[in-house]
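Each of the next two complexes has chain A plus one other chain: chain B in the first, chain C in the second.
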Partner chain A sequence: MLNFQVEGRTFVGAMGIVMLMIMVSVTFAVVFLALFILGARDGQFDEDESPAVRMLMDDKKVKDKIDT
Partner chain B sequence: MKSLELESNFAKSMKEQCFHCGQDIELEEVKFDEKKFCCAGCKTVYEILNTTGLENFYEMNSDAGIRPDSRANHHFDFLDTPEIFDKVVDFSEDGVTLVNFHIPVIHCTSCVWLLESLNTVNENIIYSHVSFSKKNVQISFRQDKIKLSEVARLLTQLGYKPAVSLHSLDKKEISESRMLMYKLTIAGFCFANIMILAFPEYTLPFTNASPEVWLDGNKWFFRGGMFLLSLPVMFFSATDYFKSAWQGLKNRYINIDLPIAIGFWVLFLRSTYDIVFDLSPGFFDTIAGLAFFMLIGKWFQQRTYKTLAFDRDYKSFYPIAVLRINQGVEEPTLLSELKVGDRILIRNEEIIPADAVLMKGEGMIDNSFVTGESRLIEKKMGDKIFAGGKQSGQAIELEVIKEVNQSYLTQLWNKEAFSKEDSTLNKLTNSISQYFVMIILAIAVISAVFWYFYDSTQILQVVTAILIITCPCALALSSPFILGNTMRVFGEKGLYIKSTATIESMAKVENLVFDKTGTITENQSAQVNYIGEELSEEELAAIKSVMKNSNHPLSRIIYDSLHKVQWVEISNYQEIVGKGQSAKVGSKEIKIGSKRFVGKEEDSDVNKTRVYISIDSIVKGKFEISNQYRKGLKEMVSHLGGYSLAILSGDNDSEKENLSQIFPDSTQFYFNQNPEQKLEYIEKEQAKYRKVLMLGDGLNDAGAIQQSDVGMVLTEDVNNFSPSCDAIIKADSFLSFPVFLRFSKISIRLIWAAFTLSFLYNIIGLSFAVTGNLEPVIAAILMPISSISVVIFATLSVRLSALLLKWNLE
Partner chain C sequence: MMEMQTFKYDNKIVKYFLYATVFWAVIAFLFGVIVATLKFFPELPDYIFGSDDPNINSLFGGGVEGLASTNGMMGFGRLRMIHTTFAIFAFVGNGFFLGAYYSMQRLCKARMGSDLISWVHFWTWQLFILLSLVTFLLGMNTTKEYAEHEWPVDILIAVSWILFGVNMLMTLHKRRVRHIYVAIWFYLGTWTAITIMHVFNNLEVPVTWSLTTMKSYSVYSGVQDALVQWWYGHNAVAFFLTTPMLGLMYYFIPKAANRPVFSYKLSIIHFWSLIFIYMWAGPHHLLYTALPAWIQAVGTGFSIMLWAPSWGGMLNGLLTLRGAWDKVREDPVLKFLAVAVTCYGMATFEGPMLATKTLNKIAHFTDWIPAHVHVGTLGWNGFLIFGVIYWLTPTLFNTKLASRKLANAHFWIGTMGILFWVIPMYVAGWTQGLMWQQFNEDGTLRYGNFLQTVTILKDWLYPLRAFGGTLYLIGSCLMVVNVWRTIKSGHYVANEEVQAPALPEMSKKRQKGETRHGWLERMPNLLTVLSLLAVSIGGIVEIVPMIVDKSSVPTIASVKPYTPLELEGRDLYIREACNSCHTQMVRPFRDEVKRYGEYSKPGEFVYDHPFLWGSQRSGPDLHRQGGKNPDAWHYKHMWDPRETSPGSIMPRYPWLIFNKLDRTYTEDKMKTLAIIGVPYDEKDLEGMTASMDKQAKQIEESIFASAADLKELYAKEEKEKGEDFVPLRDREITALIAYLQRLGTDISLEKTETTSIE
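Showing the complex of A and B:
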């Protein structure tokens, strides 16, 4: 698999872990990318000024607005 | 004859301020809940906020309220007709409707807070969401309980009148900016990951140790990974550049995107070739890095334009619906549905949307936005009326003879907007790209020839290296960043420009033309003198009450000066713009206006700054208003040394002496100019190949402003419509005018500096390429560094220059 023979000594896949790590981290990153794209599709990133302002406002009572 | 000197300036400082909007209260103050308001509208908003528990509004920002528009003609009923309703709303199903309104007056956190609390004010509104930078509010409401027109009216009542125009119906913008965001993030993702994969082979030239063997055995993993990750970049993120370059080629001109596109493709093909034949790890990291930085540049440009730029063409001016008369019934109809032969009803203050013939009623058309002439043109039955005019007076019936888009003026405006757009944002960059491409090709050919004789196996490597390293990404980033930052600086200081092309034009301007009234003279304070028979308290009250109903600047000035006078009820109010006003107060007939209007013979010289009064047909006297020039005008003018100045005024030459003391001797003065003459003057100067900047108030110089190379409108309220101007300057920033001009020149110089910087990188890169030494790692280092450093330079240099300048000449 990832063994090499150099001067009679074998490196037992020590560096092979790098490739595994890269594959795992890229997979994670792809998940984050997908989440980002989903968020962008929902319009989360269309406008970035009012969320900053909205954060400072007090919560009002949340009434059940939409009737079943 | 007695004369009453009424100075409005002094009296102003003693005025109180409205609790809601913070503006000065003229004597008609409205008291409520132990607080004072300037009008019933403000008091009503306060009431609403109090009863719904939203008093916090005042704690967030003092004076954040907006005085509601008091005019009664808010016809929002057209919003309820099905066709129009469908066009305006985003979504409507199951009794819930979602609509997006554009509200230009949104300006602070309190606005956001209040607009997002609409559901507290009216329980049939489910939620509302503000988009601050676009000044939009998205409202979802229960359609069966409250009508769309009522939602619009509620907003107006609170001071936030929605602007419903053809422009707001264009919904393409969101998808474009979102696409860019997707492309940018994918490019960033690929860039970062490709660099991780590229890193091991970077270390190769520097070490001779044993890891080489391992790497050698596994390089397919890394190289293959890089190749795969470069695919989204090449076939999704960077496609805009390819399309633009192709467009340019099709139209037979070279723009900056052509060498960029060439760079991308050579990089990709060379890298693929190299990894297939095991010659090098390829330049995939450079591809992704290039794409990433260039898209950041685009994104930055887009953000700047979204917040600052404006689009003032007919679309933001026309309404979206007009009343069509169908078998005696008036029904609101979308403009796009108007057909030739339709009968339409145009009421007072409404725009005529299409070329039409007058069928019924007396037409008094105000064409100021079209020709610049604010005088009313009388039209009788059978007369043709062009689109773009505004009816002033009674409602008239018209028969449409051309569809809205075919009408003469919308075509004119359309063409104008199109041609200005075409001249592209980076004129400078594009003109350089022509030379750039030729020089690169020349270098490539020379190098190819050289290497053919020296070592012909290297030709391909050298030529592709040249094409790669000379990719003008830094060049392409310089102009947008510098101009974009300049635009932001201008916006912060009170100058709003339409596009960055305006900055380039401003830097080239040689002639400055000023309009007089309203531009270099103050709109607000003026000295008012009354000459004539003494007026009783009662009569003054009557006059003031009549004037209250007019928006004419002269009426406002006189109204302000009659400070200590009460007001009374009036009836039969009529205003004929350009002539005068009349009304009945009790049993007396009051007429206010030009000399002829009140019944006397007109003088030979037309002096607009006299307003005559007649009561029961007896001319009592006149108000004389003397112009007051804007504070600091003389000093401002003294800073305009390098330009030829001219003043075009619609008034007579009585002010010539005063003006000669303020303006330098070389200034040209033209008086009694009508809008056509103003336009002709601009054309005359342009025929001499001079670049002209016209500064006016957009009221009676619209044509001249449009014709100028830079048309600038000076205004107290930047939300007012000013047709086809290139820039809007806030009245408060008037004194910064010379500094704006100077800064635009500095801006252009900085662009050249940035170009030089990017050329330096190109030369350094070329020295590697031509000698056959361009390793991927070198390209991967050089290109991002050049892009980043040029961007940093662009931003810092503009900001620093802005800091070092003295913006207020006081």
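Showing the complex of A and C:
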């Protein structure tokens, strides 16, 4: 059975693993929060019309050559 | 004017993932049909390999030795995990990679990060699937659902998966489009979450480093193991079967319908709300179990919150088709996609409802859960990937779909398949769940014999499910023909040459900004890798001391570690995957306590590495099995379940009776468990052989005492075989009986005190 220490307190049994899971989940959330903030500052979410249309456009093909 | 750059998309890797997806789809569905058949026709292996029943004419004409010589390769438990691994990781996994490798390049206007990584990723992933097949057939598994792979395979999965992520980040880094389209956010979220889940759920200590006898024990035990497993299990559904599919939805539905997504803003909100809510819903898989009640409540709360983003996203997908419904009537691609999104809506409506205690009480452990899951897998995942395949194959091969008619036939046969699969299973789930709870007026159980609640499902509902699965399989075979003919009629360009303007080096904001900030912004991908690495290393550093530190183990005084023989028996239970059909978790309900005995306490599982609570009761719960039936009954039940329990759907396990118990690793197993906190000491190791012999002898004597026929049989066999004779006490069955008779007996001696939590 694992136990888990946070600031001198020991959590055992189910609580031990819950502490671990909360820490991992919060870290995950924080990483994505950071990505969100970076994304927002980068202007990723400023434009909410054109990306949806732009992805529909086909690429400009240089030539349609056959190989293999 | 910006500089125009010419570059090439890698279509070859996309083509390979297309082939892999189509191939594994058929194989995954085939295994599904086989396991569905075994549920109502448990004698199927006997008919193939041999039986001592004169009514069964086996294919190879052999006796029961023929069946025994398979050593369980056709056992339900083993085939089920092959089916789930193939369906999830081989079919949906390859399908996701197919869509991601195609769309990533187009959305970023860049070739994938590294060709080498693409190919290593492709082949390691296929190798992992093949290795899963082999190891599962041989009985090497960890029992943890959807993560049954033993440690070397786990490492391979991690390597392959991380390479995929690195490849995506490298592609992002050299992208020629500043804006990251929402589909890519879904791919990245998928990758990050699965990496974390996979690592934490598969922390296991190998018993030996031998690759031919892979065996490990989960570092977690009991309640902890259950929590981590269902945290993973839930997120396998959330982040392997949902978010990657949503990414595909946001790319391929607009593409196929040739109109922009209904609301791009909503798609962004969809992504960010899922990311922050999904990970907390796992405990809903453990309602009413030996888990603190507040954790269960948190799980339920987050599950209900998921309604909003799920339905927001579902509507966003469906409304993208607004004004295009005339096309949906004609185009098989859009038909598949529309039904897929509808199934997503149904599954995510049902999920939060099942996460409430009221419905969970009835649904849990019954066929309601597989019905719910298959709306998601057959409907949402399957149909979405079929839609992608039907759109992508002609696009990739510069031609038209070979036969629209055939694709429409696939659509209708597949839809009927889903209906024939799920409707009987909903009925089966309600039937069984409600039957378990029925009391007579005198306070006895209406259906006191568990078997009654199974045989009623066996005659019609289980065969109907297998019929539905067969339809679905037939549909996928039509797809193979169609894809094949399309490929034949077209030509593909391995390296598609295109042009796009280069991305300006700096944006307006950053030109005046500080360097570090600018650097960070230009390297969000590097940042992700670094933070993920930090999380992983941090996590592992935190976990290792916990594993070694075994000072305060919460115990019920009378709960003791398994004896060496019981431990070996438990590993046989794991090998045969008995937990696929039997739970070990008596919930605190009047009917369950009446049926099985005292409800399960968390402290009873402290030495269970891994936990074996199970998730479905096709057979009765076994947590209070110890002492309920005599040893001889277990012997005969394993030999032929229908001899002791007419109508049973359990397979036969004759090899357990023929095989000699392998004691080679018993000592290593005890030493390994001692490392992770099971208090085996020097004395236990020294007395191991003596203890095993003594306990085995007792079981042998008890079997012979109550079954004179067996005593005679073994005496006769000893005379015939002489030197080669293996006494009953040295066979696998004895160890398994030792384990079964131990189950749940530790606390019946005294009045229970629940576990102490500091």
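Keep this in mind: the second predicted complex is superposed on the first by the 48 of 68 C-alpha atoms of A that agree within 3 Å, B and C clash if a C-alpha of one lies under 4 Å from a C-alpha of the other, contacts with A are read in each partner's own complex, and residues count from 1 in each chain.
In this text, a contact is a pair of C-beta atoms (placed from the backbone, for glycine too) under 8 Å apart; a residue touches a chain by one contact, two chains touch by 3 or more.
What you see is a predicted model, and the numbers here were worked out from it, not measured in a lab.
For chain A, the partner touching the most residues, choosing from chain B and chain C, is C.
When the shared chain is aligned, chain C comes close enough to touch A:27, but chain B does not. Judged by the touch definition given at the top, the superposed model places A:45 against both chain B and chain C. Of the two partner chains placed by the overlay, only chain C lies in contact with A:17; chain B stays clear of it. Applying the stated contact rule after C-alpha superposition, one finds that A:55 touches chain C and leaves chain B untouched.
Once the two complexes are overlaid on the shared chain, A:37 sits against chain B while remaining clear of chain C.
Shared interface residues of chain A (contacting chain B in one complex, chain C in the other): 2, 4, 11, 15, 18, 25, 29, 33, 36, 41, 43, 45, 47-49, 53-54, 56, 60, 65-66.
Every residue of chain B that touches chain A in the complex is listed here, in rising order: 56, 96, 109, 112-113, 116-117, 119-120, 126-127, 129-134, 174, 177-178, 181-182, 185-186, 189, 192-193, 196-197, 200, 210-211, 213-214, 217-218, 221, 225.
Contacts from chain A toward chain B in the complex involve residues 2, 4, 6, 11, 15, 18-19, 22, 25-26, 29, 33, 36-37, 40-41, 43, 45-50, 53-54, 56-58, 60, 65-66. Against chain C, the residues of chain A that register as touching in their complex are 1-4, 10-18, 20-21, 23-25, 27-29, 31-36, 38-39, 41-45, 47-49, 51-56, 59-68. Residues of chain C that touch chain A in their complex: 6, 9, 12, 106-107, 109, 177-182, 189, 192-193, 196, 200, 219-224, 227-228, 231, 251, 254-255, 258-261, 263-265, 268, 272, 275-276, 279-280, 291-292, 295, 398, 491-500, 507, 509, 520-521, 524, 527-528, 531-532, 535, 538-539, 542-543, 546-547, 549-554, 602, 606, 677, 755, 757-758.
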